[in-house]
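Each remark here refers to the structure printed beneath this line.
As written, the chains take the letters A, B and C, and residue 1 is the first residue of each chain.
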Amino acid sequence: MKQQQFETANTAAWDQYRRLLETLEGGRSGDRAQGEGSVDLDRFPHLYRQVCGHYALACSRGYSPGLSSDLHDLVRRGYCQVYRRRPRLIQPALTFMASHFPRTLRRHALLFWLAMALLFAPMLGMGLATHADGEVIYSLIEATQVAELEAMYDPSNPRPGRGVERQADTDFAMFGFYVMNNVGIGFRSFAGGLILGLGSAFILLFNGSYIGAAAGHLTRLDYGTTFWPFVAGHAPYELTAIAISGAAGLLLGKALLVPGNRTRLAALRVNARDAILLVGGASIMLLLAAVVEAFWSSGPAPAPVKYGVGVAGWLLLGLYLTLAGRGSSHGA
Amino acid sequence: MPPPIDTIRFNETPEGVELGLQVAGPVPRALALLLDTLIRAALVLALTPLLALSGFGLGLMLLGFFLLEWFYPVFFEVRTGATPGKSAFGLRVVHDDGTPVGLAASMIRNLLRVVDFLPALYGAGLVSTLVDRDFRRLGDLAAGTLVVYAQGQERQRAIPEALPQPLPPGLGSETQRAILSFAERGQRLSLARRVELAEILTAVSGENGELAVARVSGWANWLARGPGVRSP
Amino acid sequence: MELERISMVLRPRGPWEGLDLGFALARHWFLPLWTRWWILALPAAILCFLLTGARPDRWLLAIWWLKPVYEAPLLVWVSRALFGEPPSLRDLGATLGAGLNRRLLPYLLWRRLFPRRSFVMPLSLLEGLGGRAARARRRVLNGIGGTPAWLTLVCYHFEVILWGGVLLVLFLLVPQELPRLDLGAAVTDSASWAYWISVLAYLLAFSVVAPFYVCAGFALYLARRTELEAWDLELAFRRAREDQDRPRSAETIGGAARGRTLAAWSAAAFTTMLLTLVPHETVRADLLPAPEEARALIEEVLEARDFGSQHEIRIWVPVSRDEGAPDPQWVLPEGFGEAAVLLGHFFKWGLLGFAVIALGLLAFRILREWRPSGPRRPVLTPPLPASTSSSLRLEALPEDLAAAVRASLSDGDRRRALSLLYRASIVHLARLGLEIPAGTTENECLMLARRALPAPMLGPLEHLTRVWQGLAYGHLVPSRPLIETLLADWCRWTAAGGAKQGP
């Protein structure tokens, strides 16, 4: 068949296909096109396959480069429409948190515990050291920062400017700050994993030491009565989430250091897919931690209640991470 | 002999056709990044009046900074396939099989931007794009994504009508395609250039000048429309 | 020149894609290009070192200014490598000779700071044009827009980024006990040793970026020629012509190609065969009008719409404002602060509420999914084995199966009859308490049944499966009596099974 016959025979189909493409590309969600074009849209996959066939024919029959490239363009646009993944948010987010996230975490339990150790071991060590010796903290944190820290948790300091009527206002500012700071740390400790896992390990070690030093130092100064109730509420989610982000980073590092039977690049791809799930879950946990930290931890509830909430948080979190997603829909 | 160098990656679709992806190199990507950085900076500036709302405004502003820092590219890539900067240069982010980028891959490639940025101003990313065959930075490597040109060039493709003339023997399929391409693109060349090109082919038969052009157009018409008698 | 050995794909490309192709070429040939850069740059650097009296800042400036000297041979090298004949190191003299000629001089003087340097260099060095012809030709090629200038600008920044990266890595990786690189001195203090390191890092950055810069400019030039002159078509046509000529004069062509000098070679490949603006021997005199006519014709062409281009330019013009008018004051309205606090409260409780609802939903979801794996109720309508469902229409099973099978048989549709029978037996298996996961094949299904049920309870299943497989995969249509036998067996089987299951 000569090119011109071929074109005359198929122009109608191409035009229809092109119209449908424009509808699909124009309307962001396919729902809008439900009205008049829905019947036509059912024909789209069929037309798409037809155009694919035409393109292959045009190439093999040696039709003009212009026609081939036009058809190629049509195929490419259709391919994007047929194989696009539309992200939906609420329902998948729930499913994700209810099963995929804890399952993925359990699959990499070893790395998770390694990250926990990297976070908590220096925390404990620095905590004990600074509690025993008042000078140790200055080896890690600068004097001005230490002074700020002390001022923040001084029980005799009635927190100027944080009267009851301004409370909500400042709380929200702190919420913004916590989100930006903590989720940012989580993301960075994930990304640092690409440097052979060293970046993640460093961020975990550093944050562990910093938190430990601050806690030990404040307890030593008898500021523990303001410090511990404040951190009790959000600590479970925040610390665990940072460790999980770190574990995600270590997962990237592992792909580069111990790729197993894959090439390093292939291992990195596979591990990155799991790692991003961990980071996603961890950042949702960090958001929760920010809500708790900003609106509950700074609240007026008495210390025992806050401790109770903290303990309950650890228990629930442990139950969640070990048990969620073990249900019947396995393998589905 | 190694395959000729090109910036197109072919990917076979499930329908069995080869889809060409034109990967974009460091220069347009760097410029797109620059444009995005400027847009982001402008948005950051636009957020500062929120400070008028004191603490609440500060909180909103910090949230805005957070979103701009981490999710500006993700938002646009998942919605339209490219950030505004990339769109301005006609670029799109796709998976390496050519499908539009999804949430997970976009998150991976944009969170890993931090590493590409090291040690300064995307140094690691630059080295990676120079070394990699498909100009991928580290985030692209981990996410399995490519940055490609969205649109093929717009081509005017009408083969001007001429009296079909049979092709001389011995012209391969490559040459036949070149002849068709000559007919399609000829309108954009100067007449003298057209004559010159056509004379290369017709040297054997000895036609010169516009006769040569007419002869090659005749061949193109033969190829595209067959020997049928055209309506006047 | 062997045209069929061209090592890149020729096709029309936009300017940006042309650049990218250049980067791909440079990546492909990086090592030879890089060494060739150093072969010229190293002696030049040593010479400059002596001439500038070992002052690092002047030294760097001199090396930087001489960059076109090292770039020209790279260009010649690439232009040959493109046709599958990369000059070896033995041809170094010829490569240098072709690169370093008098046409390079402007690039070291007034054209050194020209932002389109790498784009117009092929014009001077490969086409060998000079004077008015070169100017006219440059004007034509320059219609490509800002891309060549962007290339120069971006490559300059690439150098800066690489330089800064090397310095920073050195700074960060040297342990604290060793003398640390002073970053401030490395940039500003030309007397310090750190400055020398910075200069060397810059030299390294030059060498890395240069191949990419040269190749990108060259590829951009090729893209422009392809667009303006259909250079790709010219090569394709020449190739066809060579193919036709070859049988007759293969030996003479080969000999001639070998005998050509490099300079002549590149001229043959890249000289434009014809351009209206460039006088050339192949322009046919009889096509050209007389001078007076030509002038009128040129005027006419220049007047035509598709020759020139019109640009609509929008600029901002300052609006004059009275000096006396007071600046508008930004005064927050009354109650703005209270509104903010109110909003703060609203968002606070909103966020808390959202968090609680989300947690509640999550807990509900987890509990719903988290059913301990106790005894499950048998699935009443099991998913069909995947391999069978594709060959069957998925309609509900009729109430009276035996009658339906017989009806199909009497219609002559033996395939439908057997498929009904097979599906019904799968349903019966499920009723007997066998769990059939989705995607099970017929064989797996049979094996599951054998494992779970005693042999007498399998009934005609094994025979039925074999017959069905024969039909589904081998198109062996069973005879009517065989199906009737199977149906009878099936009826006996289900009656027995139903009795056992019954209350």
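The criterion applied here is as follows: a contact is a pair of C-beta atoms (placed from the backbone, for glycine too) under 8 Å apart; a residue touches a chain by one contact, two chains touch by 3 or more.
Please read all numbers here as calculations on a predicted model, not as lab measurements.
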item	value
Contact graph of the chains (line, ring, star, complete, other)	complete
Chain centroid nearest the full-protein CA centroid	C
Between subunit C and subunit A, distance of the C-alpha-averaged centres to the nearest whole Å	27
Centroid spacing, where centroids are CA-atom means, of subunit B and subunit C in whole angstrom	8
Separation of mean Cα positions, subunit B and subunit A [Å, integer]	31
Where subunit B touches two or more other chains, by residue	54-56, 59, 153, 155, 181, 185
Multi-partner residues of subunit C (each touching 2 or more other chains)	340-341, 344, 347
Residues of subunit A touching at least two other chains	65, 166, 168-169, 171-172, 175
Subunit A partner contacts - residues on subunit C that touch it in the complex	11, 340-341, 344-345, 347-348, 351-352, 355, 359, 361-362, 365-366, 369-371, 373
Contacting residues of subunit A [partner subunit C, same complex]	65, 94-95, 97-99, 165-166, 168-169, 171-172, 175, 288, 291-292, 295, 320, 323-329
Touching residues on subunit C, where the partner in the complex is subunit B	5-9, 12-14, 16-17, 19-21, 23-25, 27-28, 84, 150-151, 154-155, 157-158, 161-162, 164-165, 168-169, 172, 208, 212, 216, 228-230, 232-234, 236-241, 243-244, 273-276, 282-284, 286-287, 332, 336-337, 339-341, 343-344, 347
Contacting residues of subunit B [partner subunit C, same complex]	1-2, 4-8, 22-28, 30-31, 52-57, 59, 89-90, 119-124, 126-127, 130-131, 133, 135, 149, 153, 155, 170-172, 174-175, 178, 181-182, 185, 189-190, 192-193, 195-197, 200-201, 203-204, 208-209
Touching residues (chain side subunit B, partner subunit A) in the complex	13, 15-20, 54-56, 58-63, 65-66, 69-70, 78-79, 81, 94, 97-100, 102-104, 107-108, 111-115, 118, 138, 141-144, 151-153, 155, 157, 159, 173, 176-177, 180-181, 183-185, 220, 223-226
